[in-house]
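The next part holds the structures, each set out as structure tokens.
Each of the next two complexes has subunit A plus one other chain: subunit B in the first, subunit C in the second.
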Partner chain A sequence: MSTVLNITNLSVKFPTRFGEFTALDKVDLEVNAGEIHGLVGESGAGKSTVGAAIIGLLQSPGYISDGQINFMGKDLTQLDQDSYHELRGQHISMIFQDPQTSLNPLLTISAQLIETIRQHADISIAQARERAIALLQETGIHDVENRMDEYPHQFSGGMRQRVVIALALCTDPELIIADEPTTALDVSVQKQILALIRTLCTERNIGIILITHDIGVINEVTDQVTVLRSGRVIETGLTAEVLGTPADEYTKALMAAVPRLDKRLERFRNIVKDDVLSAEDTSWKVAGASAQFASDWLLAEQAESSRQTPQTTLEATKQQSTQLSIEQSTQDSSIELSKKSTLQTAPQAILSVVDLAVTFHSGQPGWFRKKAGFKALSGISFDMQQGQVLGVVGESGSGKSTLAKAIVGLVDPSAGDIFFRGEALPPGSVRARSHQTRRQIQMVFQDPYSSLNNRRTVEDIIAEPIRFYDLANDKQLIRKLVASVLELVEMPQRAMLKYPHQFSGGQRQRIAVARALVARPDFLICDEPTSALDVSIQAQMLNLLKDLQQTFGLSIMFISHNLAVIRQMADSVVVLKNGRLVEVAETEQFFNAPADPYSQMLLRETPSLSLLQANG
Partner chain B sequence: MFESLRRSALENELFYLFLNSRVAQVAALVALLTIGGAALAPLIAPTDPYDIASIDIMDSLIPPVWSEDSDARFLIGTDDQGRDLLSAILYGTRLSLMVGLLSIGFASVLGVSVGLMAGYFGGRFDAIVMRIADVQLSLPAILTALLIDGIARGILPRDKHDGLMIVVLTIAIGLSLWVNFARTVRASTFVERNKEYVQASEIMGMHPLRIMLVHILPNIMGPILVILTVDLAVAVLLEATLSFLGIGVPANQPSLGTLIRIGTEYMFSGEWWIVIFPSGMLITMIISINVLGDFLRDAFNPRLR
Partner chain C sequence: MLSFIFRRLMQSVFVMLAVSLIAFSLFRFVGDPVAQMVGQETSIEDQENLRERLGLNDPLTTQYLRFVGNLAKGEFGYSYRTRQPVSEMILSRMPATLELGFVSLIISLLVGIPAGIYTALKRGGILANAILVTTLVGISVPTFVIGIFLIYVFGVELGWLPTFGRGETVQIGWWQTSFLTWEGWKSLLLPAITLGVYQLTLTMRLVRAEMQDVLKTDFVKFATARGINYRSLYFNHAFRNTLVPVVTIIGLQLGGIIAFSIVTESVFQWPGMGLLFLDSIRYVDIPVMSVYLVLIAMMFVIINLLVDLLYFAIDPRVRLKGAHG
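And then the complex of A and B:
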């Protein structure tokens, strides 16, 4: 087996106005022909920088400060722009993350392929077309002759990625750099694309660098793996060895943080903590604020509300059962116990969805014409028990987020009812609901970068629900509460003085959880709360949500595309496909014996962690 | 103390970019000088051009001090009425700027509120309001001004008309500029409206007005600031144009446009200074404000950097 690429001692630096930032620090990497080399690491690890450095497309003002990149006997760091340009097209290709943006939407597939082929080979259009057909067939596109004159938008995401791969193969490269090639795809498509990359690699004897954050993908398809962290190589070697018997603490921690599909863990252990707090951050305190104070305050409300608001006997029993379950769960933090106690007293659904349908109307509502619509959801019915975590699973376009929006009232259902605590929620927007109902249903969003208002301090953001719902009036108390709740979500109290942009994604998500929590909700909707986060941060976040759920007896609707995360979090599971309900089941039952063929397929296609499982 | 100040200044993107842009610094300096000079006109101007008693017709058409037949009292000469040109320019710029600022204020309040509501509520309100904006855009500013001036002349008594001319001008210019604000704010609101922090506020049940003012508005201040600067230049220019055409401020309160109009009549008879200096002032001010506007636009748009 011959070595295609050999990187030694590569360092890349980015000068900034705060000093020089080292993106890569003495990285060594070797890629052989016919082999897939995985680069894995969390965000900021420098995975993509390695790819960019090889192909000579480092973002300005970054530069290679040291080291060699040997590709087929040439040192790439010494090449001038012209020879680089030739090399880039001829011998090194790239597959990007998003097939949506890496194809030109205004050109047909055939035009893009033929152009690329003819740029590097002196052949006629007809010949190039034949090559293109052969390439597209090789990448698994059916009915090529008819479809190749279509535009990118006429292809599905997976098909588009196949076209991108065909484009990368146009010039018979020796090396392909695939930067997160399956991250934007659904699991069912992901497996096929990975299999395709594998086949091409072996058949054409190409060296492939596969950059990904997903250890499942690494486990599935790579021969060798290099683990990166903050620009340094942590561990490198055969995939089976590195993942099977990790030597480094970081690799171990990283693997422990990956949610497991095969069994449910009480919580994630051995997690990497990399937010180092400064002394300034830890010593700053609001007088009297503590996590205990926050949890006392949050729990006190539930006792109060049951006393103050006159309720039917059924409602009262339900309240009592809630409290009972809370007490028990705080004493003994086992979910099983709290669930049982709830079940024993009164199996009351906190949320019932009956025959829900949502239709979206395309474009502006016409003045004269009738609205045409797209059915995002139809015929959805399920119950959700008090104090339970309900997992909602589905691929993109399945209507998961629409369901969440319909429940919080951001989207107006076109048919069906939603019952919250036995009462039908008024149809129409959120504003039709009572203040109390709105307070009791809170939501945590997917993207922590857009869910917080960047122009307000964290204190303002968290205090807003307290003031808005009139939960406390005293300025000192509100301040104390904000600090305490921050402590509860494991953030330093001093965070309240800062603005959201000063925090990382995981920290922002904690702030978002704190904001939802201070409204003293009974019901929390988490819409993909961890999908924008790194695995280790995700593990911390899931731990936090579990803790909060148990302490406060929250009912949580947890939406995710990641089955392994659902297994860790949910008590029961709802599967959606194209806006329809496919299956409702208890979590253990679902994962052990899924009833519906679609659920079976989802489970089968999720990248397994076989090596990890062997590790225990 | 100094260290933390320096650090927070460094972290301020806008300030950092400003420190690194010589062009923006020069433009800011020039704008500051012209605007400052205009604002302080009553304090620094040698004479008061509005004070008819101080004007002597015998002093008319005196050239700048460096020419023959000049008078040391009048640094850059006098106009046909014997007014000191420097004082007239300072006072004129003051008036022009005042009208410009007032009309921009009017245009921004109208445009931002309309844009926010159109972007937030969308639907029919958006459709109707934006069509009105399109109609407004198809009318030249001068036509709008003439229309409003005509209406004002029709309904106001003759003696009050001159005094209210500034108000008429402000409304006329403001009406032709509000569309710029409305369109940009609408587009930015559209983007912000779909962000999750706005949805979070909606879920809480906050009043739309509060969401628009407290949450969305601070997040779209960047583009608004850019239009404020760029359109200030446009407004001053419009005022000058209208005054030049004689629809603007009355002749006894000369604005830059009025001064230029008076000057053109003497351009070919050798009295060049009457038109050159006011025009120079106008051009300098407009260019410096425009350069600042461009700088802000680039600073707020990371992709252009």
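And then the complex of A and C:
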């Protein structure tokens, strides 16, 4: 096996106003032909910087301060701009993360391929087209002759990534740098793309650097792996050895933080703590504020509120809805009916969804045409028990988030009913601002960078629900509560004085959870709360949510595309596919013996951690 | 696509009706037209007769419908000032304004787009910064000052170019053009530059901002990583993707150039519609003013329709969405 790339002692620095920031510190890396070398690490580890340094596209003002990049016997750091540019594409190529944005939207697939091929080979357009067709077939696109003259937006995400791979391959490079090539894709597509990369690597004898944050992907497809942290190489070697018997503490911790698909753990252990707190941060306190205070306050109210809530049974309301739809009976009689049945007792479902449908109307409605809509959800029915965690699983476009939005009232259902504690929830557009469920149901969003207002202090952000729902009036008390709740979510109290942009993603997500908690909710919807976070932070976050759930008996609807996370969190699981309900099951039953073929497929395609499992 | 055009045309009809209503209200509120038309000695009865003959005593709705009907038939009435048919007056002035607007648009595009691309690529370069600072003057100094400055330098001091009028023109049917004579071109140059400077600066800054955004996108990075030559990278991949916003703004501005060439036309005594409008205001020549208003509105509507059609040509995503829905 010949060595394609040999990096020794590579350091990359970024000059900033506060002195030089070292992005890479003496990194060594060796990539052989016909081999996939994985680069794994959390955000800020410098994975992508390695790729950018190799292909000579370091973001300005970064520069290589030391070391060599030996590519096929040439030192790339010595090349001038023009000869470097000739190298790009011809010998080194890249695959980017998001196939939605890495293709030029205004040019056809064939135009982009033919241009790239002819850039590096002196052949006619017809010949280039022939080669493009062969390449697209090789990367698994069907009906190539017809489809190649289409535009990128006419292809699905997975197909686009195949086109991107074809583009990267079309000049027969010796080295391909794949920067998170499957992160933006669904698991089933991810599996296919990884298999494709593997095949191409072996058949064409190309060296591939696979940059990813996902240890599952590393385990699935790479031969060698290098673990990076803060610009340093932590560990390197054969994938089986590094993952099987990790030598470094960091690698061990990183692997322990990966949620396991095969069994449920009570908590994540052995976690990397990387949010370093300064003494100044920890010593600052609001008088009397403590996590205990927050938890007492939250629990006190809960006892009260559950006493006050009218307890209508689910059976009655279900009856009510059928009555309404079938007999078109008047409102009065159905209310009577529900009153009568409150006397019966039934197991308490906090949320039940009956035959829910959401249809989106896109584009301008024609003057003479009837509005056609996109059915985001149809025929969804399920119950959720008080104090449980319900996992909602599905691939992109399955309607997971739409379901959450329909419940909190951000989109209107087009049919069906949602019952909260047995009472029908009005559609969002007519749900009063003062409706009590607006407080009882709270939501934590996926992206902590856009879900917090950067112009307000953390204190303002967390105090807002307290003031808005009129939970406390005394200024001192509010301040004490904010500080206490922050402590409850394991943040220093001093955080309340800062603005959101001063925190990392994980810390921001804690603030978002704190904001949801102070409203004293009964029901929390978490829409992919950890998918924007690194695994170690994700582990901390999941631990926190578990603790809170147990302490306060919260009912949580936990939406995720990551089955392993669902297994760790949920008591029961709902599987959605293209807006339809595929399976509802208890978690353990679902993971041991999924009933629906689609669920089985999802489970099968999730990158496995066989090496981790062997390790126990 | 056809249904899209049809829908836009329907919308345009409403826009035009609204504008015609404003134009019509000019007759009512700018002053008594009869008082403007007759001399001091005309008797009250004669004035009343005239009023009756012009239909000014009819109900407002009747008058408005008649006004719109006449506009639709192309009967624009007679000027109070010159007693000529308004249509004739405007037709004789229109070519001058359209040619002026067209040439200044070409100048602004030919200079603005390359300068925009250049300044986006050579960020912080000396020449790029020089261009940016110079054009800042173009956007912050009023048009008439630039006009007077150009007249002073090229007309008075250097004596290279004429300072007023259209020079020699050639008549093609009713269209009087200055494109076919050397003198005509020379006369056209200064007003066209004056009118185009603002548009030029705007185009340049817009192209520059859009280019900078597009250069940061993944597909440009990917194309760079594939070794696509810089020429194609910048023009075929990057610049094309800036066209949608650029075309939108240029379209709106072109309407503006034609509609508001008044100042430039007045500085250079350019015999176009703007100058006609100015004269009409001075003499409260309401028929001319209202027709001018309607025509300019129509021009905006047409330009916007063309811009929308250009989207179809530029962006395949719009094209296919249009085909399906």
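Everything below uses one rule, namely that the second predicted complex is superposed on the first by the 562 of 616 C-alpha atoms of A that agree within 3 Å, B and C clash if a C-alpha of one lies under 4 Å from a C-alpha of the other, contacts with A are read in each partner's own complex, and residues count from 1 in each chain.
By definition in this document, contacts are C-beta pairs under 8 Å (C-beta built on N, C-alpha and C of every residue); 3 or more make two chains touch, one makes a residue touch a chain.
All figures in this text were calculated on a predicted structure; none of them were measured in a lab.
Within the superposed three-chain model, A:Gln154 lies in touch with subunit C and out of touch with subunit B [touch as defined at top]. Contacts of A:Ser414 after superposition on the shared chain: neither subunit B nor subunit C is touched. Look at A:Ser560: by the touch rule set out above, it reaches neither subunit B nor subunit C. Once the two complexes are overlaid on the shared chain, A:Ser48 sits clear of subunit B and of subunit C alike. In the superposition on chain A, A:Arg17 makes contact with subunit B only, while subunit C stays out of contact range. In the superposition on chain A, A:Gly89 makes contact with subunit C only, not with subunit B. Touch criterion met: A:Arg515 reaches subunit B, while subunit C stays clear of it. Once both structures are placed on chain A, subunit A residues 364 are touched by subunit B and, in the other complex, by subunit C. The touching residues of subunit C, when paired with subunit A in their complex, are 3, 7, 10, 217-219, 221-230, 232, 236-237, 240-241, 314-317, 320-321, 325. Residues of subunit A that touch subunit B in their complex: 17-18, 364-365, 408-410, 429-431, 433, 435, 438-439, 441-443, 445-447, 450-456, 464-465, 468-469, 512, 515, 519. Those residues of subunit B lying in contact with subunit A across their complex are 10, 16, 123-124, 127, 195-197, 199-200, 202-206, 215, 218-219.
Put simply, subunit A touches subunit C in their complex at residues 55, 57, 85-90, 92-94, 96-98, 101-108, 112, 115-116, 119-120, 151, 153-154, 164, 167-168, 171, 363-364, 366-367.
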